[in-house]
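In what follows, structures are represented as structure tokens.
In the two complexes that follow, chain A is the common piece, with chain B as its partner first and chain C second.
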Partner chain A sequence: MKFAGIFLIIMAAAIFPGIILRVKSIAGGRKGPGIFQPLKDIRVLLMKGSVFSQTTSFIFQIAPTIALATVVIAILLVPVANQDAVFAFEGDFVFFAYLLALGKFFTIISALDTGSAFEGMGANREALFSMLIEPAFFILLATFAMFTGYTSFSDIMTHFHITDNHYVMIFSILGFYVLIQIAMIENSRVPVDDPKTHLELTMIHEVIILDNSGFDKALIHIGTFLKFSIYGALISSYLVPAGWNIGAQVALFIGIQVFFATIIGYLESFRARNKMVKNSQYILTVSAIAIIAFVIVLILTNKL
Partner chain B sequence: MDAPVFIVFLFSSFLLFILPRAVKYNFTLLLISSSTVLTSIWCFEIFNTAEEVLNIRYSIAGLFDFPLLTIDRLSAFFIVVINITVFTGILFAKGYLEPYQNTKRQLSFTIHYFAYLWLYFSMLLVVMLRDGFAFLINWELMSLSSFLLVIFDAEDRSTLKTGINYLIQMHVGFAMLLIAFLITEKATGTMSFDALTQYFSGRPNILLFLLFFIGFGIKAGFIPMHTWLPEAHPAAPSHVSGVMSGVMIKMGIYGLLRVLLSVQSDLLWIGTIILAVSLISGILGVMTAIIQHDLKRLLAYHSIENIGIIGIGIGLGIIGKATGNNGLALLGLSGGLLHVLNHSLFKSLLFYGAGSVYRAAHTRTIDHLGGLIKKMPYTAVFFLIGSLAICGLPPFNGFISEYLIYLGMFKSLSGANLYQIITILFSIIGLTLIGGLAVFCFTKAFGMVFLGQHRSANAQNAVESGKGMLVPQVIIIVLILMIGLGSSLFVKPIFKLITEVFHLKGDIPVTLTSINSLQQISILGGMFILLIVAILIYRRIHLRTKVISYGPTWGCGYTAGSHKQQYTATSYADNFGYLANPVMGNRKVFRNIEANDIFPGKRKFLTHNFDVFKRYMIDNPITVMQELLKKIAIMQTGQIQHYILYAFVFMLIVFILTFFKAI
Partner chain C sequence: MNEKNYIEILNNGSPVLLKNIPVLNYPDFYNLLKEMLSDPDSHCVAYYAFPVENMLKFICCIANDKTSGIAVLSHEQKNHEIALLSLTSEIFAMHVYEREIHENFGVQFRNHPWLKPIRYPSDRFYKGNVMNNYPFYQIESEELHEVGVGPVHAGVIEPGHFRFICNGEKVLHLEIQLGYQHRGIEKLMIQKNDPFQRMILSESIAGDSVIAHGLAHTGLIESLAEHNVSERLQIERNIALELERIAIHIGDTAALCMDVAYQLGQVVNEALRTTIINTTQLWCGNRFGKGLIRPGGSNYPSTDDFIKSMLSTLEETLRRYEDITDRIYSLPSVLSRFDGIGILTQGQAKLTGAVGMAARITGIARDIRKSHPFQYFRQHPVEPVTQISGDVLARGMLRNLEARQSIGLIKQWTKKLNEAEESNKKPDYNYKLQPESFAISLTEGWRGEVCHSAVTGKNGNIIHYKIKDPSFHNWMALALAVRNQEISDFPVCNKSFNLSYCGNDL
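Then we have the complex of A and B:
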């Protein structure tokens, strides 16, 4: 049963990027590729050979593998459709966050391994922005832990209900906003980063995988897709009450993943990326909103 | 007991001065290993008996009493930490000191080994002595021997100056400890750690505690008492930096814990003070580390950060104890204590790595290094493991201690009152920021030093260091992985230690659940490694059938790129420096291109940074004082008549005052 959750996440990951692409092409008035185009791209990448820079060392070769492994292990900690995750223990979200940070560490050093100025620049931005978003995630989890009294992803999600109490509503909306923002920033999407930029100087995540090719690049893409659906799974477990029956849960899980992908597609069609210097400010605002959610829970639990 | 043997070890260190040069190193190694074995037996005994303390008494024929050595579990833990790092340090020293054999006089070596031995012995004695007087003497011995170790390169005047700066600051700390012990002696009649319990019962605790905190805090390097640390660590030889940063600064933590065992009231305030100072140390320590240009200075600032993490654990633990939240007390203190061990491992590893780099490339400036992974692959991998561990990333040991502290915080949130919640929220944000900034800093350090292309000829000509320097690093890595993957085995005894030493009463439910969580983390860690291996094997098989070609890095169409066009450490830290500049001293010196500069010529660009605390708390007051004293120096004319006049005036004043008093 638990492993069905993993299957759902993988399924969602397979269609997620396709939906974004599709929405973007429809919004842009183009015919656009089909929904499975990203998967076909991965197949193509797997068939291709690889080009490695002479500057690089073995770090460049193992980094994509390690980054993908971190994401795969992270999946085991995520509750899907409010069912307990494969691994659920106290403070598992700390492990989750630090594991993803490990993946990021390797992605960054593999960019530095190429000795390219562009990639150094991207690596530096990636390091800065992911460092700045980290507090928002932990404040949000602290808010949940305080509200529910539990300290693992699975317990928190199953014991958290959105009721019609006004304060819980405000807190839930803020929490939802913060979660979405974290998902967008962690996955390098608009408005912090734009995966479709064409100039190396303005890229963040795209530029640090500029030198990867073939098999490694496929691994990187798979990692990105899975990461999307991990955050989608968190959002759906957050929104859907745990008491509902399993069929509705699963249906809503898929519905929310599709909806999440559609929102990203629309946002990216109509919104421009931030100016690079505004990004830090933007990301810190997310932490500030998380703190507001925290204060609301303080009021809710009669602590303030 | 084996006390006579230990005393023989202590005194045989003097043999170093008469032994022939060929055996000096081996003799030092022999003494250290045999003392390690002996003290480890003591630790083993104390962990395996029901007794709380092991007393070692010895006197020569009833005439001369040696101070009583008392080992409890806390001392035993610190003895283990000391033994590991000092042992790997002396192994590393052989290779590191090799090039000095021809340039240095034999006496410098003798003094160096002697000081190293006595740094070791004094640290052992510091954690075993309870008597205040004997403790202070050993504390002083520790400072003196480490001073001698720091100034090994005393031909370089700046090293000597740094050493003297270190010595002075240590004595400020010593003075605080002396005052604190004298106050206890005045009140209770005895001068020892055991008398503190008597002193603290019924008197206000916080003032005496603050004296101890400053005294021990200078050694530990809490901000703002840290200014000696980033100077002394880079100046010292690398094995000494490793030992100093790995264990010597932890003696400050030991002292702090030892005093905290006796503190009885004001616990909430004391906990909050420790926590606040630690959060500032942690965050500012790592922020300052990011903008450093010198690899060893960067590591030194990271020591401050890690002392901050240890302090966060201890502070939270004390707050937990004060509020009766035993779970927080246990997890906070255990996390802090485990981080003492963890930090001693990865920090000494990183310093040995930095030492190997310095030995090979003759520079510590990060911007002059680069590409070393191809020249020194083993050192690079070891440094990478150290970097991952210090960032607190799983599956390495740093994660375990940070996880325990996080767990304590998250578990306490729902039952706490407003004051505690705010404290805990600040700590969570602080610890997260520290983690993120550490990743930023070590991607920079590792990436710029080992990856890319060489940035100078020095880096180009580097060669891998010998086995002698690599083996001690392997020993440390084995320990790092053992703690990272088998964490529950190590955390269990620490839980037991903390519960007993801090007298945490009652059944603490977190003990079992957190051990269970740690076991799950171990399983996940194992799966993670297996998964990586599996994908890598598949990748290798997959790539065998594909065309692999090699070419230059993508240069955006520009094909004549050179190593000078790489991103540098300074530019990597630049966007962070821009954010953090309000609290840090990072300055750029350059001339803007004017509108009429049609053909810009050669120009200069300089960045430099200063420690804000050092400048405003130490350098500036000293400058002001010097100015003031210069004005008073007008009196110092050098003419004997004037001095006689001063003496005459003085006597006159004394006479007049006596006269008035008589009336």
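Then we have the complex of A and C:
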């Protein structure tokens, strides 16, 4: 049963980017590509060879693989539809966060490895914004951990029920908001980044993978898609009541993933992205909101 | 100072005999230019040199916004090797003209801050100046880094190299290197003695200003050939020019939205631009208006059916454009990307000699349609639209207001069109140009003033042709506007100016 969760995450990852694209093209009044277009693109990329710049070293060649590997391991830690994750141990969310950070670290140093001025700038931005979002994630997880008294993703989730108490609703709403924001920022979406832009000077994530091509690029894209559905899975895990039967849970999981993707596509269609300097402030605000949720839990659990 | 030191052209386009242009010695030439250009209403529209026999003849044209006159004065010298005192040290806007003269003929200018090559023509004086090993301006520092962008860019834009010196995300200095698109149009204009070929060439100077350049060329040829065209044709030409302005302004609004990732603004404006350029296509078979402007007549006289369909398209476009621009310029996330970004001050605009939109966003009401009217603008001058803040928002708003104004103008003119007499005159390519004359023709394209000038020889053939696109000056304005901005805001600044690479490179 545990591995069914992995299957669900991979399935959600396959349709997630397509749904965002579809929503954006419908909102823009265009016909747009089909939902499976991103997958078809990946297939094309997988069949191609990679080209490596002569100025790069082995770091550049191993980075995409390591980045994807970290994401795949991270999936094993995520509980899906109230089933236990494949691995669960105390404090596994810290491991989860730093696994993803390890992948990001390799992507960043591979960008620096190319010696391109653009990629250097992108690496700088990516490192800064990842660093700023880290506190939000940990404060949020600490909030959940303190509320339930467990420190593993699977345990927290099994013991967390939003319907228990009215006060729980208050910090849950904040918590979900923070989680969605983290997902948007970690996956380089509007308003922090714009995955669609062609302008190197304004890019954050896109610019650091500018030199990757063919097979390696496909690995990076797969990693990005999976990351999306990991966050979608986390969000749904907290929403799905533990008592439901498995069929309803899976349906709700898929429903939440589709809803999440639709919301992202919709939000991206009707607003502009942030100014680059404003990003730091914007991301810190997410941490600030996480602190509010934390304080609410302190009060609820009579620790303050 | 003697008044006879220059000759004044009172009507935009009128030719003068070459021998009537006073030839001054350089100190007088220099002092007179300095004095004339210190008047804030005056600006230099052409300053160039060309070889006549074994002399080098310098011609300078100063346009005055108040009097609508264009003062022409000249200077001749035999020996190119003498270093002339640079006007740039007094009037900075002259820097590009002097750089161009230096590049073409090796004339040295004393006190010129930076005789940087402009476009590396194949017959340049200093063959050793090669684009590939151009020494960019550098600042030695551990903290600063350089970012080079181009000449090949992401997306479909023209080639040009931008070299930034940045302190972190902040741009300290931007150096723009152009010339990759140099096609030698000015030389081709002389070599191709076929008037039809010249007309085609002039339409190809800048793909987004087909009508503006075509009209400047036609105006020049018609005045040198002493052709008068009917009022109806003049109105049609005005309509074509304003259609071009509307189409580009709306297209640029879309591009601005795209650069800040505002999808709705982008797609709506892209669709609206298409309806306008399709109207031009309906008229003449080409979406950019190629073939529409011809000397002496027109192959595509407007029909009642066309006018009717154009008016209904414009009506609908205006309604939808008003709707979407109201949204764009009230959406906080867009405003925060436009407001206060890439500010060009009025002082900088005056300093760099910015023309057209780049001048009008800083409150300088400079518009050739009013100050030196041409074609039907003579009967119907246009009041320039201005903004004062000089930022990306001002450039967006100016586009918005100008597009609306142009739609209004076209509506007014179509009424006049009905009163004007029908004229089915076909284009005339067998004209004879007035010999040994000089003429200058200015038009106001969507980007700013387009200036064509020509000198004719003994039997009326063109011996020198000079083109000035508004981008020639405005690139420097862009370089100043992005100083101390974030480098990630450069694309939106660049797009808001939307300068022409090939218009500069010729």
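Criterion: the second predicted complex is superposed on the first by the 301 of 304 C-alpha atoms of A that agree within 3 Å, B and C clash if a C-alpha of one lies under 4 Å from a C-alpha of the other, contacts with A are read in each partner's own complex, and residues count from 1 in each chain.
FYI, a residue touches a chain if its C-beta (ideal position, glycine included) is under 8 Å from a C-beta of that chain, and two chains touch if they have at least 3 such contacts.
What you see is a predicted model, and the numbers here were worked out from it, not measured in a lab.
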- request: Tell me which partner A:Gly120 touches in the superposition: chain B (first), chain C (second), both or neither.
  value: both
Query: First (chain B), second (chain C), both or neither: which does A:Thr262 touch?
result: neither
Task: For A:Ile59, decide between first (touching chain B), second (touching chain C), both and neither.
output: first
Query: Which partner does A:Leu298 reach: the first (chain B), the second (chain C), both, or neither?
result: first
Field: Dominant contact partner of chain A by residue count, chain C or chain B
entry: B
Query: Which holds for A:Gln37: it touches chain B only (first), chain C only (second), both, or neither?
result: neither
Message: On the A-aligned overlay, A:Glu200 touches which partner chain: chain B = first, chain C = second, or both, or neither?
response: both
Query: So, A:Ala27: does it touch chain B (first), chain C (second), both, or neither?
result: second
Message: Contact-wise, after the overlay, does A:Leu68 reach chain B, chain C, both or neither (first, second, both, neither)?
response: first
Query: Intersection of chain A residues contacting chain B with those contacting chain C?
result: 117-118, 120-121, 200
Query: Which chain B residues qualify as touching chain A in the complex?
result: 370-371, 373-374, 377, 380, 384, 388, 391-394, 399, 402-403, 406-407, 409-411, 413-415, 417-418, 421, 424-425, 428-429, 432-433, 435-437, 439-440, 442-444, 446-448, 451-453, 513-514, 516-517, 520-521, 523-524, 527-528, 531-532, 535-536, 539, 542-543, 546-556, 561, 563, 565-567, 571-572, 574-576, 579
Contacting residues of chain A [partner chain C, same complex]: 24, 27-30, 117-118, 120-121, 190-191, 194, 196-202, 268-278
- line: In their shared complex, chain B is touched by residues of chain A numbered 46, 48-59, 62, 65-66, 68-70, 72-73, 76, 87, 89-92, 94-95, 98-99, 101-102, 104-105, 108-109, 112-121, 123-125, 127-128, 130-132, 134-135, 137-139, 141-142, 145-149, 151, 200, 210-211, 214-216, 219, 280, 287, 291, 294, 298, 301, 303-304
Statement: The residues of chain C that touch chain A in their complex are 145-149, 154-155, 169, 257, 259-264, 266-268, 271, 331, 333-334, 336-337, 341, 486-491
